[in-house]
Amino acid sequence: MGPHPFDVIDSRAELTLAWIALLPFLGALAPALAIRLGRNACALATGLVTATALALLLSLAPQVMAGQVVTARLEWFPGLGLNLNFFLDALGLMFAGMILGIGLLVIIYARFYLAKADPMGRFFAFLLLFQGAMVGIVLSDNILLLLIFWELTSLSSFLLIGYWRHLPEGRQGARMALTVTGLGGLSLIAGLLILGQIAGSYDLSVILQSGEAIQASPLYLPALILILVGCFAKSAQFPFHFWLPHAMAAPTPVSAYLHSATMVKAGIFLLARLWPALSGTEAWFYLVGGVGLFTMVFAAVVALFKDDLKGLLAYSTISHLGMLTFLFGLGTPAAAVAGVFHIINHATFKAALFMNAGIVDHEAGTRDLRKLGGLFTLMPIAATLAVLSAAAMAGVPPMNGFISKEMMLMEAVDTTAFGLNWLVPALVMIGVLFSAAYAFRYVVGVYFGPKRESYPAKPHDAPFGMWAPPALLVILAVAIGLAPALVAGPLVNAVAAVVTGGAASEKHLSLWHGFNLPLVMSLAALVGGGILLASHRQLERVWLALGLPDAKRMFDTTTLALARAAQRFTEAVHNGSLQRYMFVILATAVIIALAGFVSADYVQGGRPTLPAPGAAVVAWVLLVGGTTAVVLGHRHRYLSLIFISVIGLVVSLTFVFLSAPDLALTQISVEVVTILLLLVALNLMPKTSPVESGTGRRLRDGLLATLGGLGMAGATWALLRREGPASISEFHWNNSYSGGGGTNVVNVILVDFRGFDTFGEIIVLGIAALTIFALLDTAGRGASGRRLAKWTPDQNRSPERHPMMLVVATRLLLPLALVVGFYIFLRGHNEPGGGFIAGLVVSVALLMQYMASGYAWANRRLPVDHHGLIGFGVMAAAVTGLAAMVFGVPFLTSAYEYVPIPLIGDVGLSSALAFDIGVACTVVGVVMLALHHLSSVAQRAEKTPASDEPMDVDPSRPRAPAPAGPGGEGA
Amino acid sequence: MIEIAVLFTISCVGLAMALNLWRLAKGPTQADRILALDTMTINAIALMVLMQIQQGSAVYFEAALLLAMVGFVGTVAYCKFLLRGDIIE
Amino acid sequence: MSIEFLVASGVGVLSAAGIYLVLRARTFPVVLGLAFMSYAINVFLFASGRVVINQPPIWGKDVAAYTDPLPQALVLTAIVIAFGMTALVVVLALRTYLEVGTDHVDGLMDGKATPEAPPAEAPTIDTPAAISGASSGETRP
Amino acid sequence: MIKKLLPHPALTVTLIVVWMLLANQITLGGFVLGVIIGIILPILTSPFWPDRPRVRFGPATWFYLALVLWDIVTASFQIALIVLFRRSKDLRPAWLVVPLDVRSPEAITMLAGTISMTPGTVSCDVSACGRALLVHALDTPDPEAEVARIKRRYEARLKRIFV
Amino acid sequence: MSHWVIAPVLLPALLAPILLLFLRKRLMESRVVSIAACLSLLGLAILLMVQADSGVTAAYALGNWQAPFGIIMVLDRLSALMLLITAILALAVMIYAVVTGLDRKGWHFHPLFQFQLLGLNGAFLTGDLFNLFVFFEVLLIASYGLMLHGGGGARLKAGVQYVVINLVGSTLFLVAVGLLYGATGTLNMAHMAQRVAAAPVGDHGLILAGGLLMTAVFALKAAVFPLHFWLPRTYVSTSIAMAALFAIMTKVGAYCILRFTTVVFGDGAGPMAWAQADYLLPAALATMLVGFIGVLGARNLRHLAAFSVVGSMGTLVATIAVFTPEATAAALYYLPHSTFAAAALFLVADQIARRRGDYGDALSPSPIFTQAGPLSVLFFLTAIAVVGLPPLSGFPGKLLILDAVRSAPGGWWIWGFILGTTVIALLGFARAGSTLFWKSAATPGVIKAAAPVAPVTAAMVVVGLLSVLVALTVAGGQISVYLEATADQIYTPASYIAGVMGPG
Amino acid sequence: MDAGPVEILISAILVVGGFFALVGSWGLARMPTLMTRLHGPTKVTTLGVGSCLIASMIYFPAMQGTFSAHELLITLFLFLTAPITANMIAKAHLHRQKRGLDAEPMDGIADSLPESGVGTGWATFAGRLTEPSDPPR
């Protein structure tokens, strides 16, 4: 037998199984759609879905009961080992049957329970989603798949608990349930993944066969603990139990379904499912058995003091889940059988009791025991059902609860823990005592005693639809009690065989086991329970005096504290301070780079140094001096700009000195345009910066700056002192003329070898211009517009806008500068120069006009659409590149030819030239657009009409009376 | 001989630039600073030309030419800022 | 003193100034800091091709030695991009100043008040809470 | 037609010369390109230079330029001497007001430029009506004489160039 | 050489100027062209994906200059995958922007959007480190424009921070490039790998400093702690639809970390191999924590979404930082998932905020708003996806990661952090959802000043994104096969190097 | 080392140029007021640079055999712009002194600046002429 011990029986069974798993999910749409046809149709559709699934399940029952396993497999994530593998064995059959069967009853019940105002379609859709998830859990043969369904039950139960959105208890309960079960789910994920790792497969069928390997693994204990946390959280075991009572804010059908019969049993199911692989160790015994036992006793005690019917039932459920956990924790096959049997029993009587509580709530208008009592005569049917199901819960013979309790006691008395043979039986005794007591309290408190004068509502028996489902369950409980071997025997035995991996021998279930210690204990519990109930009032006083911590408040306090802490932490860390962010980022960069440097070997290179001439030292002094001046005087912004120019100058000189003429040209021309931009912006901004950083911060920043500066200096030094491997630029040098048609290798690299960079670079410029435009175009509106309207110059100004001598000079300079620009453009391919610099030179030439003669005057004479220029530039570059593709060579492949033109001679025409035109156009467009819009913002601030005259003083001009000097204050 | 002359001149210009820096830092008026910067730019042009003579290579003229042009524009802009605030109006 | 030392220390000084200035609280010095970083990085990138004197990257049949042209091309691209970015950031700083009325990098008035910082109150765990936080341009008319 | 094609003939010539200087070599091709530039650029830039003054290119012009060049050289020596050897407190700086007879902005600019480049004087401002020039003299014992010298030596000659 | 490789860059490069030149003032035409462009990019991405699935690394030599001398665009499974993710997201966001009229809120939305795509696609395709810088700048500057689109004080303030931080990032990028070029003499990543492998030991210090700094820059884009600071305020302050588009921006960083490290600092790098992992893993774990704590402490939906992006980046980068094929395959599954989930979350948040009028997206109860029901479903599904719960792709995504990293060094840490932060995220989302939808149902009053919104189409975009997640889940097996092949290709850098540099 | 006449010429021009450049900046550094400082750079420095350019213009054809005329252009440019620069700086200075900003009383701008004597103030303080002082020609 391969890794999968279960053979596929037949394809029809496989298909049926797949349909069972799928149907509730697909069916979830049915109520959502059918609600348009009315509430009955909605319920009917839902019921039909569930009934169909149940029928399909039952059709497979005979095979399964015969010991066969039905499987269905579909690959999903084969690489991960997450596949849609389903299998149906007796355990699955029992649970699936319970889920679908009780589901059907709950649907019927809910049809009558839900009020007209409640959106029923949503309710049933959620319910079916839940049902599907639950069925998925019990049918999964893949633990990853199981995890998916597991989490889905948490999610769908979240929706169901919070179904009544207007109730704060519902919201809180839902969130609490989701949090706790979600937490457990994640723990389970970890545990199951580890389990899969140990077993080498995520398929349950494989895992179940690897029990020995699993228990021998060092990872067994962590896996076990993680899995148990998942199971305990889901099955409301201490200390994760507290969510369950608060989940009772859900509509009662949900409580009956999820919180007694099905979802809370998922943890128990998994304990049972993994029993063969995990149980039998000491850790298992103490962890599972211990937690189960404690939960059972503790919850039973609490249940007695709950006045809310559903609260009482919730703690009772916790207690019974504890009992189940305890049974599986004992690790003996007999205990496992008892556990399996009690699962069925508990489902029958507890679901019935929840429905009963719902009926009481529905009809009497309250679930508070202190306001109830004496309803027996008013609601005889409900009372009868309650008496019977409570009897089962208390373990009164001949109800089914009695039998499973006997079996449990039988196992308990044989159990020794911590070397003490009385400890477990004694604790169990307390548990059953209180179980009996709260069961009695439920019945007596609601139905017996004196009739009250008034109830919140006028109680009478519920409609048939509401009492029939619990009645059916009660009948089942009675039938099992009377003829356990007949009604439940085969199923229990089959399931037990699966759970114990065949270790459990066929066990004959019977009501009467003879007169023995467990029977004595059981009877004593019933009597004691009666006594406890009788002395309830006194006990309650003691209980209240104990003042046990309120789990809800603890949870709320914790989550609120967590959320507050999260908020405080987040806002303390992300305080919005760029200075902090920048410091952290820069410090990280410096540290990371240094860490990289010191963590690998470094050998100082042997490249000889070049002696520095005096002029270089002077330049260095200028650089350091200028930099120091800016750093020290950065608060005075205008001065800083002047000093920045010194640095730009030195950098340009450096490039000249170090044989980089193109860089020098670019640096020089970019510098001035940048300064112009900064000056235009500075006009509208504060001229000084206030002192804001304390000495500490300045010291800190200075330290980082020093460290970063040293790092950069060190890196530069290290690079300059080594030869390094041959650069790829050798190729560029050798092929510049022959392959790129130019002798200025830098330019050929720019427009040819790495023309794509340049293409991207002009796009960056273009986008910058677009963004600048978008920013400035709206500057006249809103807060900014108001601020501009109120703006007054913050410095004294001369009234003269356009000095005559300047205007005259720039008129002469314009054509000269344009010639220079054209020249620089043309020679770029062979000598220093090129499109970018040419574009800047032309821009500067034009800007001179703008500065001298005024923005409006100059702009009228240069009606160029800057957007168009940018768009054209980018397009021209792109089209040049594309042209190559027409000839089947890659984008941007260049071509050049020396074309003889009459009179002019051989002219080198290169496609790179066309590309460079694109570059130049973009540059001009960008610079002009940016300054154009910046200056128009300034004009808006000035609020004076633009001057029509290019110069203020012009003695040759026929003078017309003109308005007073703009915005100026005459001397 | 030319080498020595060039070296001498470079030293003179370098010294001149250092003096410019001194004036730039000292001020006291803004106009002084602009003037110092402008002078420094012109000295830088001289330095570039001298470097070319020293290196015997004529590829740096455009840099000098451009520096002359933008130096002027920059100085005008700085002055205009003092005069009007708005340099392009 | 070697040229290498001058270049390396120059890069260091420029970088340090850049780092110090971008850590200031007003947009204008931050822009200056970015400019310094740009200078530093341009020289540094250029230096990654080593430094040579009087060997311009102009190809000629008889020219054997040259300055590494590739870093120069990279620096050119970097200068151009930095230019576009500087223009943008200057305009953005101005525009923000006009809109917000302060040129503090965090948009703080006088470096003190926190017009945008959320009020210090508990998060909403089923307790009513004030509306806080920024709102997008579209949702507010 | 000619005027349209050659709005600024002097400029055209200048541009051709500048182009040739830039191109660094005298070739026919370069010259043709220079001519093309010299024709196209003035047309393109003519909107930026309206009301162009008429300039007479004659011996007077050339003489004036030579004179100025000579003055610049001598001025530089004068200033150098002052800078090097005159104590600050012995300086006799003065403000001069030069009343102007020339009217065209170009001529005034030319005059002001000349004044700035020549011994001991820097032109600082014009009057709002453009009829007087404010000049600063570094060291002058007799401001009146200095003004007269300026008017005689430069303005008178300029008046003949700008007609 | 197939020209298709360059098409994802060229198409937006041509359309953007056309939109700018001819359609600047024509909204309808712009929209048609833009959406058509997004559709074409989607088609192209699929075509390239099919092409890449042959397993051959295709190189496109721009300007016909062969590697390493010219710039090379490289198409392999990984880059094709990134192109596809970008195209899908772009289409969704573009449609959303059009139906909500976001493109009318300011200038140049459509050209900027195309430029943004150009930058993204270029970054995913290029095989050259400096060209990557250029494309980074393109995508960043376009993102500045888009981030600021629509204006407003808060956006501008946040914009200043975003721009300044990224400018510093760009500077650091160049420092790293300079170090690497200076030490290896090349810019082509494949060639650099060869040079690094052959580098003398004495060069290692510089190479590693450059390599780590480079990675730090990528980590800055990927919003890895402590370099993530720029993200929350940026995403909170921009228009929500743009925040949705920016879900891909962080992935660029993650992609670059993966690409750069595996090619240049892979096994061939000798003692320097995988040095990145030592720093990335703890940083990524901290990122997860900071991100999801932010989710829990969020005051409004956008904070929630922004911090969930940070958290998911932590998850993603932690997985990448394991640097094994299995883990990378898992990361590559989680990558599109987290991208689309985050985008969907932002878009849902937008629709909720619009309908809540003055209440905006604050996580405080408001009176019930229109379409709260359908929106609650969308929110619930999106939350499930982001938190990583079944049945959407986040769950298998996390399972894949947990399964893949377990045997790696530090794997248990990743386990702990992923599981732990999932709880935190779960708490945060449960809180948010119940406040927005359940509590609002119980709050009296009426909403004032609700912004107009196209209900059906806008919601359909979210539905579309969720369908992609469903498809990721349903077809997870087949997708995983592609991703495993992708991871194998990534961890066979020899194939990349041979594809770029030619055989031998 | 024998030096030909051309070399001597070049060297001499260079030395003169260096001298002027230094003196110009020295003047800038030592003169007492801005107006007096303005003279050095405007004339002397410009001439110093001009000398270097001329030296270069002789050097390249004579020593390197390459013709270079750019120097002439640069010189032209400098001579064209220097007076304008001086004018603008002077105007800025006048303006600021008259307004009492970074006051330097030795220049006498605040109190003893002469009137233009033609009926209008200086342009820096008066701006555009508001009224015609004589009928248009």
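Every chain is named by a letter (A, B, C, D, E and F) in the order it is written, and numbering of its residues begins at 1.
Methods note: contacts are C-beta pairs under 8 Å (C-beta built on N, C-alpha and C of every residue); 3 or more make two chains touch, one makes a residue touch a chain.
Not measured: the values here are computed from a predicted model.
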item	value
Chain labels contacting subunit D and also subunit F	A
Chain of greatest Cα-centre distance to subunit A	D
Centre-of-Cα separation between subunit F and subunit C, whole angstrom	36
Whole-Å separation of chain centres (CA-atom averages), subunit C against subunit D	44
Chain centre separation in whole Å, for subunit E relative to subunit D (CA means)	63
Distance from the mean Cα position of subunit F to that of subunit B, given in whole angstrom	12
Two or more partner chains touched - positions in subunit C	18, 22, 30, 40, 44, 47-50, 53-54, 56, 58, 70, 74, 77, 81, 84-85, 88, 92-93, 95, 99-100, 105-106, 116, 118, 123, 125-126
Residues of subunit B whose C-beta touches two or more other chains	10-11, 13, 15, 17, 30, 34, 56, 59, 62, 65, 69, 72, 76, 78, 80, 83
Per-residue overlap in subunit F, given as positions that touch at least 2 other chains	19, 24, 26, 38, 46, 48, 68, 70, 73, 77, 80-84, 87-88, 90-91, 95-96, 101, 121-124, 126-129
Touching pairs among all chains present in the structure	A-B, A-C, A-D, A-E, A-F, B-C, B-F, C-E, D-F
In the complex with subunit E, residue positions of subunit C that touch it	18, 22, 27, 30, 34, 37-38, 40-41, 44-45, 47-50, 70-71, 74, 77-78, 81, 84-85, 88-89, 92-93, 95-96, 99-100, 105-107, 116, 118, 123-126, 128-141
Complex contact set, residues of subunit C against subunit B	53-54, 56, 58
Interfacial residue positions of subunit B with respect to subunit C in the complex	55-57, 59
Partner subunit F, residues of subunit D touching it in the complex	18, 20-22, 24-25, 72-73, 75-76, 79-80, 82-84, 88, 91, 93, 95-97, 99, 112-118, 120, 122-132, 134, 136, 138
Parts of subunit F lying in touch with subunit A, wherever the complex brings them together	77, 80-81, 83-84, 87-88, 91, 95-96, 98-99, 101, 121-132, 136-137
